[in-house]
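Structure incoming, see below.
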């Protein structure tokens, strides 16, 4: 089988530690032919470190010289849209970091272009590859949950405003806790509901702690340049009357330093995802089921493999361009609701 | 001091076990002069048991013969409105069971009539009298919470559809889990926010389990006559951007058989109500504060005493007619939203 | 419906506290017409206490005067056989305390006579009526366990040699821990296997601690008159290759003061009875299922009701005369094996 | 002191990771002069890795060229007998992996030949070297246990059918869970009783799960080629009336993924081995004794050292050829009993 | 046997709930003939309640009319000395509440008078009768502790200043936490050391919290009239170099609301009293021994019985007059040290 | 900025693993120019390992050739005094290991000489740099504790007599558990009280276990050459009536193998140091405050940095020469008291 040629766009940690190692473990299917970062030195250092043939500072040059089959985009959020559009125009499959884009229309355009070009566009929501999520989807398929009608999803940090990167810069990131953390659990919640288009969306954002400053648990942040929400809550309804309650925070006066979970309520059974527990009836009695031997898996490796499956037309669990567009629309409506 | 003359309307458990015993413990302020129940035999038995002078089957008769200063209304929900209006017209203070009424306009009319008559109208939300709630309000007053901007409130039963009474009858109760359980924690959440008028309200109701039947933990229920929601969720926003997430259930595939709690998030501190825990910063470090010696109190006794305080023009923590009208409006808007 | 007439034979604690109260709760089906104890004073006192019409010291007199439909035998073990035979000869259904008899042949004769007379003979193994056992049998019926092939059953006390009664008297009781405690869990194990006739039986009995004396947790015992086994272990196999490991002790150097449990291993699932836990596979993963809301029940009331069902030809979960004969044979073979 | 010359027969994991490292740590007493594996390449690679002078594919060649003082046999079970006999004939002490052999007569012949040759034959049951077992034997010697009369021994895995090696091949391994796991705890139980010859043996074997397939926790196995028992239980009695209850499983619907323990019941005290707890009487009260500071030890190193002690005529705790013959007889009788 | 005639002096709770019920349970040895309280009405009510023949307001009258064999003194601390002296002069054995007196010289005089009269004088330190203390003394006798050389003893309440009685009145009580609580654990510590005369005594008392006021857990106290110490600590040495560290508090910013314990350190073993744990070496390893089945006992009944034993010249575990004198001397020296 | 020149005196573990690595991490302020150990080979090896320019066996030579600005003294206790005096005479700042000296007068002389020379003398009590202690001092400063009036401090090992070094040699170490362990927690206790001069000191030392021998948890020790105390307890009072209870042990029959903690009692709040818990009143209720996110820090690095701050005249938390003199006086008075 011919190897797929892959290029990496973006030279930061997520390229170095997540995407490149995952692709290299899948060397029977794919070969990394180039990396591209605005800073050519950084680009070259990364190529050297991972024994990648080419390094670029300019994507146009990359496409011209290497003609990759697929690109992985791991740049700051504001670049996802233009770089994805360019890659699709160049005939490449695209594996883009989350969130899809800054604006809903952008994500819609990205999905439409991929479809019209017959290319795969996917987003890197790796939590889909946890053993817990795989089990949830199997329980759903096996009918153990019945109809799912309500989901509580949260990704809360107590004082986890990152002390590095652009996380508090609104222009580059598009938002704060919702954009960075909330999207992960919202994507899962939407999967459980078969990714429906939302009916109504109501939400709020807050920035009391971010703007006041204080003790940080993920480094120190500067309250003077804190531009995004430190917390967001939302309620989303769907035409079939299902609903999602969503909470995300960089900073909140809550118990745990990091608390990420979903509760999925169905007519036959309900699940708490971490640790996975199924609440149902069995043999005529109320039963709580635990699964003590779920395996920890390399979720990035599995998600990258799922993307490659999609590129090759196989069934895949990766987040599609279409799903990304729906997700981005919900995010945008939450922010709009918060500004009413 | 002259004793206030009290009459009890409604002869069920809540009269027998809650209101009459509480009033009798407050015998330095109040004397129960009559009970009134549709069934005269029941009425007389109750009067005999508690050594109350008069028993009636007809409220008009009651007012004519006894001229009470105050009445306690502990009848099914659909009678709260007409009986309260009658009592106010008769010049009586009214202590009415929750929820205020079946419709928002009714609760509004009740509040307005009380105001115009210069009488006290109050609702029996006893959770306000727990030591935990008193401590929450003291923390709020002492500035330990800063600005409160988000509240999660839930009152969830796993399989707690009552196997007795009218709880599944929509015409008499007006609703299910939200009307019976959710109102308690919603009232507290509104107190924490100083009982503002809501901005937007979005919600849903469900009845999968109620209609399917199954194992009950509070007796058995009949799925064939189950007319109300077994669960409801809602999101409520306020002009100052604060928000409430509300969940209530008679039946839900969740872990605990009964789980009733609030999380109150403020800019300086956050509180989980049961067991009371304060999450804040102290001496420059993130701190968790517990209060291991909070007393269990007789919350009905305290709430009845608070009502008597209100009748006598003293400061009181009882739920006022005005607050009841705001609460009922929110309930109604949740049900309306669920029917969209 | 005509009430069944019941007579109680034996005037000790188990009559007073277990059987009489249970029968009186079932007063729509049965009426206690007489009690009979060797000591007429005791007999009369018991009759007075429970408002029973007749008291006897002699069973012949009882049958002559009262002609009961059924008798409950709650005398020491060595009387079970003669009194049951007499009652059956008198045409009465018999509800006999456990163990069935001192010898296997006796239990066999009792079963045969009941059969030939067309009467109900049953033994009072109340653990069959626990919610846990009912659930085990439902799991078995629903196929959740597959083929059951091995059972570990134990009823162990650390220092529970009773300081009262005849428990250490071999002639009256027939044995010690196995006869008094082991029979309970052996009966359950046999039920789980559909009460097969055993293939091979191997066992041992011990009396080190009973004969040495020491600290007692159920009163003090006299090592000088200790005649029975303080512990017994056995292994029983069946024609279908299933097997039971049985342990029983009045005294053993083990952790708990009282430890009574069964583990039932099947091809599809395994169960630990107390607290009830099911170990199986679900949705392709190893799963542990707990049932947190099993009810505590009045097991004597349920077992007496089951006996009455049997008397009336209804399906019943009570231990039959035939089962008692199989059980007694196993007990006898364990004691014989221990004496090899 | 002259160094003993050792040869390793078998080139698998247990040679590589256990025996060779242990012997190298004992370099003041012993020198490894050769390794021998059927596959000469494997043999040479192992010799190179551990800096051993010679590598062979043929044992005859090994003996001819190297004339070792002792050999360590770590080949599959079916080779233990012929290779041990050859080694003894060559005048070598033998340290053989467990179990001794496939048949009881073989183990008996091995023991007899060693005795007649005046050589040491020992089996590698390393659990004897745990701190817990050493403490058990000290408690026994100090009289803290009195007479030991019953032992429960189990080595249970929930889904631990190895996904590698020959563990499910009956011809090569001679059996399944009993042969591979049960022997370890049976050896300990026999030690506690001073290794008596058994009186009666009754047992069963099962293969429901192994033949049905399912989720594995030690790799995946092939149910189609599963030829051995996945579980076995047995009861063994001795002339002094002591008894052992034995359970072993590769697969069983039980709670723990791996549960290996012994309970030793004596007239003065009882011990649960892991974690070591002594149940006894002290100062006239029932007492539970724990030993919180037992050391973890390198049990292979200690057992190899014990073998070298035996070779040099010193007191030793290693399992002797004579003990191995008794053990193998019990194993054989369990399998015979299961086939009745 | 002739019954001893007992009189009760003091009509408060401790007479009513502790001493009278205990004496009545010992009716084969003793008969209560009279009660005496300053308030004759109170005295008569108590006599009536317990069916006691005589009631007095004046002790002289009591002695004249009833000539008791023994008296139980349960009046406030300041009356212990004069009433004990009077009783001894009247030829009565005396069972006096703790502490012995307000001053060391008083306690010395009381002991001397009892000795010279040949009468029993004892103090009611009931903790000596707990199962734990009995076991401690047995361990000591059996040599399990070796030489005892250091004891930590504490009786700490977090906010346990009693809201009733005279506990904060220095003139009537003689002191606070040390006098009321510390004496109990000091008495035990002295018992463990065979009640030696102290060598050096150093201590302190504090009253910060008592004088500041705040939240009470045993009722509310008045900081304005708080005259005693709310906490005291001390160090006591003995001629044999043993030492005691003592802490007592009514109020202290510590974790538990009530924490009462002793740690006894000996050369062979150390004991923590509640729950009783022995730390020692066994079979060559460090061992922790627990005694899970110690019985809860009626410690007042046992202590009263011990007093009666002493009166009848039998061996007794009750606190003697001589011991009380040593104890009181230590208390006095702690207070003196605190005032340096 | 010019680098300070540092010399290391003493070539053992604490130089190698603690002081040299800490100084090298502070390379912007300080440069290690020499090491000096009695054994020149050891000295050179250490210098080579850490790339230090000079190695000496003689301190005089060191001072002559290198003229350091500061020296770190990490030799056995008996050398602290002469080597510190020499260093100060040479005009060097001194960072000396704990304890300050063998005698109080020596520590006083060391402090006086440093003062008169205008040099920094400091002792290496690193526990002052734990996050817990920093938080304690912040709580104190913020007034959360009020007046501190009693401290319990202990550093207890169950069987932790070191099996290496000079720890049991009285002439070289000056003492045992108190000198080696007790000083750490005593220094903290004195800090909490602002390092007052003591009023009274009473103490004891014991050596039962050390002289008897037994199981060791930090290697084996030789009871025949055990010259120091294995445990010491003391009580120290101060002019302001505050008091300290101190306990230290190498060996004690207690629960934990290592237990090091302080309880600090103040009028407004009390603190248990590990894990840090504050007991106080908040919002009118008794409150327990925990700080779940305190960081583990490199306490040697922080303490060395604090010493450098002191050398440079900045505020510092290091233990000063003056404090060391007070501490040593208390230690000496405890030993004197124990010998009375």
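In order of appearance the chains are A, B, C, D, E and F, and numbering begins at 1 in each one.
Following the convention adopted for this analysis, a residue touches a chain if its C-beta (ideal position, glycine included) is under 8 Å from a C-beta of that chain, and two chains touch if they have at least 3 such contacts.
Treat the numbers as computed from the prediction; the structure is a model and nothing was measured.
Matching the C-alpha atoms of chain A with those of chain B calls for a turn of 180 degrees, to the nearest 5. Interface chain C/chain D: over half of the residue numbers present appear on both copies, so the contact uses mostly the same residues. Counted by C-beta pairs in contact, the busier of D-E and E-F is E-F. The centroid of the Cα atoms in chain A and the matching centroid in chain E are 69 Å apart. Separating the CA-averaged centres of chain B and chain F is a span of 61 Å. Contact with two or more other chains is made by residues 159, 215, 217, 284-286, 288, 292-293 of chain A.
Within the complex formed with chain D, the chain C residues making contact are 146-147, 149-150, 152, 158-159, 199-200, 202, 204, 206, 208-209, 212, 214-215, 217, 231, 233-235, 237, 241-243, 245, 247, 252-255, 263, 265-270, 272, 277, 279-281, 284-286, 288, 338, 340.
Those residues of chain B lying in contact with chain F across their complex are 135, 138-139, 142, 144, 278, 282-294.
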